[in-house]
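Input: a single structure, listed below in structure tokens.
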Amino acid sequence: MPNLDFLTEVGLTHYLILSAVIFCIGMAGVLLRRNAIVILMSIELMLNGVNITFVAFSSYLGKMEGQIMVFFVLTIAAAEAAVGLALAVAIFKRFKEVNIRFFENLKG
Amino acid sequence: MPLGGILFIAVFVILFGCLMLFLASKAGKRVYDPVKFEAYECGIPAQEKKDTKISVKFYLTAILFIIFDIEIIFMYPWATTFRDFIQSGQGLFVLTSMFIFLLVFIYGLFWEVKSKALEWD
Amino acid sequence: MSTDAILFWILAFMTVSSALTVVLITNPIYCALSLALTMVGVSALFVTLNAYFLAGVQMIVYAGAVLVLFVMVLMLFDLKHELQAFTRGKMTGALKLASIGLLAGLIAGAILMSNGILLTKSEAFTSPDMASDTTKQLGHLIFSQYLFGFEALGVLLMVVAVGAVALSRSKGGTHAKS
Amino acid sequence: MTQTALMATLILAPFVGFLINGFRYRKHSANVAGGIATTMAAISFICSVLLILDLMALPTESRRIVVSFFDWIRVADLKVNMSFVVDPISSIMILVITGVGSLIHLFSIGYMHHDKGVAKYFAYLNLFLFNMLLLVLGDNLLVMFVGWEGVGLCSYLLIGFWFTDQEKAAAGMKAFITNRIGDAAFILGMFILFLTFGTLNFHEINSLVPSSPEFSWLAPITLGTLFLFIGATGKSAQIPLYVWLPDAMAGPTPVSALIHAATMVTAGVYMIVRLNPLFLMAPNTLAVVAIIGAATAVLAATIGMTQWDIKKILAYSTVSQLGYMFLACGVGAFGAAMFHLMTHAFFKALMFLGSGSVIHAMHEEQDVRKMGGLKKYLPITHLTFFFGWLAIIGVPPFAGFFSKDEILWMSFQSPHGHVGLWTMGALGAALTAFYMTRLMCLTFWGKSRVPKTVHPHESPLLMTIPLMVLALLSIVGGWIGIPHVIGEVLGHIPNIWEHWLEPVIVVPTMPHAEASLEWGLMGASVLLAVISAAVAYHFYVQAPEKPKALADKIKPIYELILNKYFVDEAYFGLIINPLVRASRNIWYYVDVNFIDKTTYVISDLVRGGGGLVRGLQNGNIQQYAMYISLGVVLTLSILLMR
Amino acid sequence: MGQDTFQITVNCIKLVLVFLMMVQAVPILVWLERRGSAFIQNRLGPNRVGPLGLMQLLADAVKFLTKEEFFPAGGVKFLYYAAPVAALVPATLAFAAIPMSAPVHIDPFEMFGKNWGPYTFFWQGFEINVGIVYILGVSSLGAYSILMAGWGSGNKYSLLGALRASAQIISYELALGLSIVGIILLYGTFNLGEMIAAQQGLLHFQFLGHTVESTWLPNWGIFYQPLAAVIFFAATFAESNRLPFDLAEGEAELVAGFHVEYGGFKMLLFFIGEYGHMMVAAGLMTTFFFGGWSIPGVSYESVYQWAQGAAATNSGASLLAGLIHFLVWTVKFAIFLWIFIQVRWTLPRFRYDQLMDLGWKTMLPWALGNTIITAIVLLIAHS
């Protein structure tokens, strides 16, 4: 009988690993996707990965600071999404294009 | 922890919905007619599919909603703890700090109204 | 196997698989819907960690507001699914994948290496009944220690509201339409 | 209310007014803007009265309220608190500043009624009050310097208030630059004092002053005080830096009354009085102060005799009166200097406001040759101006008499005094009487030379009320400092003034003198003044052709005086033009040929290097993100390997 | 979910029952709506099938079931089918969190040779600590099903209707959320059960050290927060897309909004979702402002004591008392449902700009003012 403790005993490590996995998935999205709006979504994924870490630590260490941080991160993430989408929309309205590589042309 | 219950009922409802859909698809008779499957267009033949120009207002409303929603959510912890703060003598301080926050909120709302971002015509 | 563990694994599976969908699927609308599912999953994970209020906020803000915005934008602009989900470039693509893989490996390694320390600490501090009034504690902390952050966020939100409106109404920049 | 709150309100009320009016600078309503500003000034006035009542309740020796708000600077030995002090000296100043300031604010509502930038005007005026209070209340040199610079800025802004007029804008710049020269000296003086005493706090400096005077010119205290005095000559318009003040009359008249007569220009005198124990230990500096003060008093008075612009005459008069104050400081009569400062603030503000009323009535006409006989058109203005005139020429029992007499007596009798100084002072008094009478005659009396198109009218009540209040003060303001000899005669009236200032001002030990001597000198100066006033009346009312004949007779001297001794021209020829030429040369040889070329080489190198790595910055966000992630990987692996 | 098999089973059954209750209420409401509207408009309404037309419900169900299944040509299959199912979930989840009666205490007993209990069962799907936040969060998911339906149908009327509906829902969610702040301030908790507990007894409160007491008014939230009640109720009308806020389906402009392309059972599922929202709103109104399951003038204790006389055991008494309170709750709940129906047939529809103006420029500021005033009054009253 193999040791299946890691399956039955869920602890802080599990949450941390889960959050790392979500963070890296989001990271991959940011690095690899073409669509600017999907990239924004991937950023939200990354932020959520981090949020899980915060809440996990907060609850395992018995400190509320982690949750406050998450509260603030949530707010800022929403603000970021609003502005990011507003930018994307402004560009899309003009150029009918959301490819992230197209955004390079906006420099200068 | 009610999470189990929530998951249970959610799954149950989804299964129930799917079952209903499945039953309905089996029960109804089917007569094939290409016109029937066209998008409903008040009787005239459907033109370009759904490339409709839609006002950016909807999207603007959604953005403003997010922002004001968060501001409102910030009031929730305040609202639950306000009585405690009053009891510990910090009521006025907390109320003032909330008022500063609200002032910013009201200014934002006022600006949106003034800049006609909320005008639908 | 406790119900907690079962719940965790269900939620972890749900969250990770929907997160993967976000990154891998070509149709952006499905991406957004799938991301909404991820957010719901994360919110449920918060509940397993006794952060009830945050779970609710996560639902309201992310699932109920941010993702609705995403879906609306995608529908507004009729972004059909693309033939190509990822950006071109074999070299950079490989490099990017490698960096992500390395990052994941390193983080996981770091977590596992510190396993012993964290577990002992966590068991010492975990209290099952701290769930009862986390919200009140949250409120108390925000209005004492983190008051400035709170007010600053208020200003930030106002600025964002103004900025987003200004951005979405601008008739275009300095460049001619190309 | 606690003293901290009072102090904060006192200082911040004008600042709040500045913010309010500053943010509504586009508004045109004089009543609203002026109402706000005047209210703020009045709040300050009330606070200062309350504070002074607090101060009076304290025992004489410890009359000192210090309010410290926060640590401002804390670097090595330099510790500067943002703290403010109310003691007998600054109490007088805040009363004058806020009291006269409030009156002038009130007057301005009427005067600036039709101006477009009225909100801006009142914002500046409030800002000025705020800075002046900083200057006066600051309990160390650095806080004072903040206010010092602040009032300079406000003065600049207000002189150039109608900046669309090239000349007025230039006048503002002139004032600013001239003041900068003084300010630089002030900073140097501050450095020297800090090096000597290790502190900038007035109280500490005054208590650390050595007990015996130093006689070397290069000793630290002498040098420091000299530099501070140069700073004072800049702000208080003394030789050689007085040239900006007459030009400063380009600003609105109430500004001239507030800034360039009553308050800001007295900052130099105030600073010296604040540091009086220090100055007393530097007899060389005192001598310089006295001589420059006396010289300025006479010189400015002579120029004043020949001017035709009503405000310029008053401006030179101000310079001259400031000279008196410095003369008093120089002979160690600091109390007399403060006394004259206060009475001067009353009557000079009154005269400026009166001239403002006249100018207002004459539709912006400032040339006295086009006035005359205005008595019947402007009865209230005339009456109040008349009292101001009596005060300035030193007719007993008006305010000016007591203060001026005190100065003259001290310059004669004090151990630092000299007969020569007294002579110059008395001459100055006579000249003052002459040109002020001339002003009265040309403006209010005699035949009317008003052009047909102008119909003078009395100013509204809003403007005359301040005039009346100031006139009253000009009459009774001197009665708190009645000299002993007169007090004895009138029945043991104490000299409240000296008593009040006693704890903070060192009174020089006077050699014993007969009362008859004091009576004689007093009589002589009054007689001189009355005679020269009579001469002036004769010249400009009874025989208006005489002055011209006299001027023709001594044409070279007259021309010299009329052109203000060619001081401006001399400054241009001797300092400014050579400086410009030298700067141009330095610019060409050093900057263009050396520094620029060196930088070009460096920039070429940097550009070349940048060209090598610019490929990395290609605008591809995802690539940037990849760099970040690679960096994180690197950092993490280093951390984990450790 | 529970400590042992018995509790888990009971809880699951309870949840299913709550869901079924919600589903079963829909045909009744439809009948009520049709009869009611006929009554209001002075006509007869469905009266042929069964007594009073009651059998019409069954006939409708059969008809719905046997409608022809079809899928519009331009649609997106997955979204098209997922939308009606998704419409059910938020309403159910929210409804399950509403307390319908006093908790039932079961004393230990023996069954299958084992000792069980003691238990406390809440008369609701599940008891949640942060009830309001949970309900708000869950019901904010309602926008998805609408958007999915709008997009999945491949029809521009659908899409337009969906966008309108979701914009409207989120606009009114602000006023809704803000009016709730006043309620939370009043009770100092998110927990719905505690709110109801706070509304027991007669109207009494502390003001500046004096105790104000009424002799007959119940201690209901409506007396403390009348403005919040009005705003909340109006906002829930908009949230559930009902007249006078049913712009999303405005027949004249959009034919039927986001569910133009839906028919048969899929349509019925949308109906259930909509009525579910309505029921959540009615339940919340009852909970926040009208004392929930409490009986005005009669305390739980006296009911329980009476039940002890009627039933043999304590558990039975608790159950009986719960049932009585449940009936009381149902009456209150039904009154609000009837108000929903009556308003629908009384008021005309808003224009879209009026709707948005009402949400953003009228209700939001009023709710804000209500919050501020509540906070100030609280501060004054308690310090």
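Letters A, B, C, D and E mark the chains in the order given here, with residues in each chain numbered from 1 onward.
One rule holds for everything that comes next: a contact is a pair of C-beta atoms (placed from the backbone, for glycine too) under 8 Å apart; a residue touches a chain by one contact, two chains touch by 3 or more.
The structure presented is a predicted model; accordingly, all values stated were derived computationally and were not measured.
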Any chain touching chain B and chain C at once appears in the list A, E
Taking a step as a move to a touching chain, how many steps at least join chain C to chain E? 1
On a CA-centroid basis, which chain has its centre farthest from chain C's? D
Of all chains present, which has the mean Cα position farthest from that of chain B? D
In terms of C-beta pairs in contact, which of A-C and C-D ranks higher? A-C
Calculate how many whole Å lie between the centre of chain A and the centre of chain B, each centre taken as the average of the chain's C-alpha atoms. 21
Once you find the CA centre of chain A and the CA centre of chain D, what distance in Å lies between them? 63
Whole-angstrom distance, CA centroid of chain D to CA centroid of chain E, is 75
Show the residues in chain D shared as contacts by 2 or more other chains, in ascending order. 622, 626, 629
So which bits of chain A are touching at least two other chains? 27, 31-32, 74-75, 78-79, 81-82, 85-86, 89, 100-101, 105
Using the touch rule from the top of the page, what residues of chain E touch 2 or more other chains? 1, 128, 133, 159, 163, 166, 170, 173, 177, 190
Interchain contacts, given as pairs of chains that touch: A-B, A-C, A-D, B-C, B-E, C-D, C-E
Contacting residues of chain C [partner chain D, same complex]: 87, 92, 95-96, 99-100, 102-103, 106-107, 109-110, 113
Which residues of chain E touch chain B in their complex? 1, 11-12, 15-16, 18-19, 64-74, 81, 84-85, 88-89, 92-93, 96, 125-128, 133, 153-157, 159-160, 163-164, 166-167, 170-171, 173-174, 177-178, 181-182, 184-185, 188-190, 255, 260-261, 264-266, 268-269, 352-353, 356-357, 360-361, 364-365, 368, 371-372, 375-376, 378-379, 382-383
For a test of understanding, state which residues of chain B touch chain C in their complex under the given definition. 1, 3-4, 6-7, 50-51, 54, 56, 58-60, 62-71, 73-74, 76-78, 80-81, 84-85, 90, 94, 97-98, 100-101, 104-105, 107-108, 111-112, 115, 117
For the chain E and chain C complex, residues of the former touching the latter: 1, 79, 128-130, 133-134, 136-138, 140-141, 143-144, 147-148, 150-151, 159, 162-163, 166, 170, 173, 177, 190
Per the touch rule above, chain A residues touching chain D in the complex are 27, 30-32, 39, 100-101, 103-107
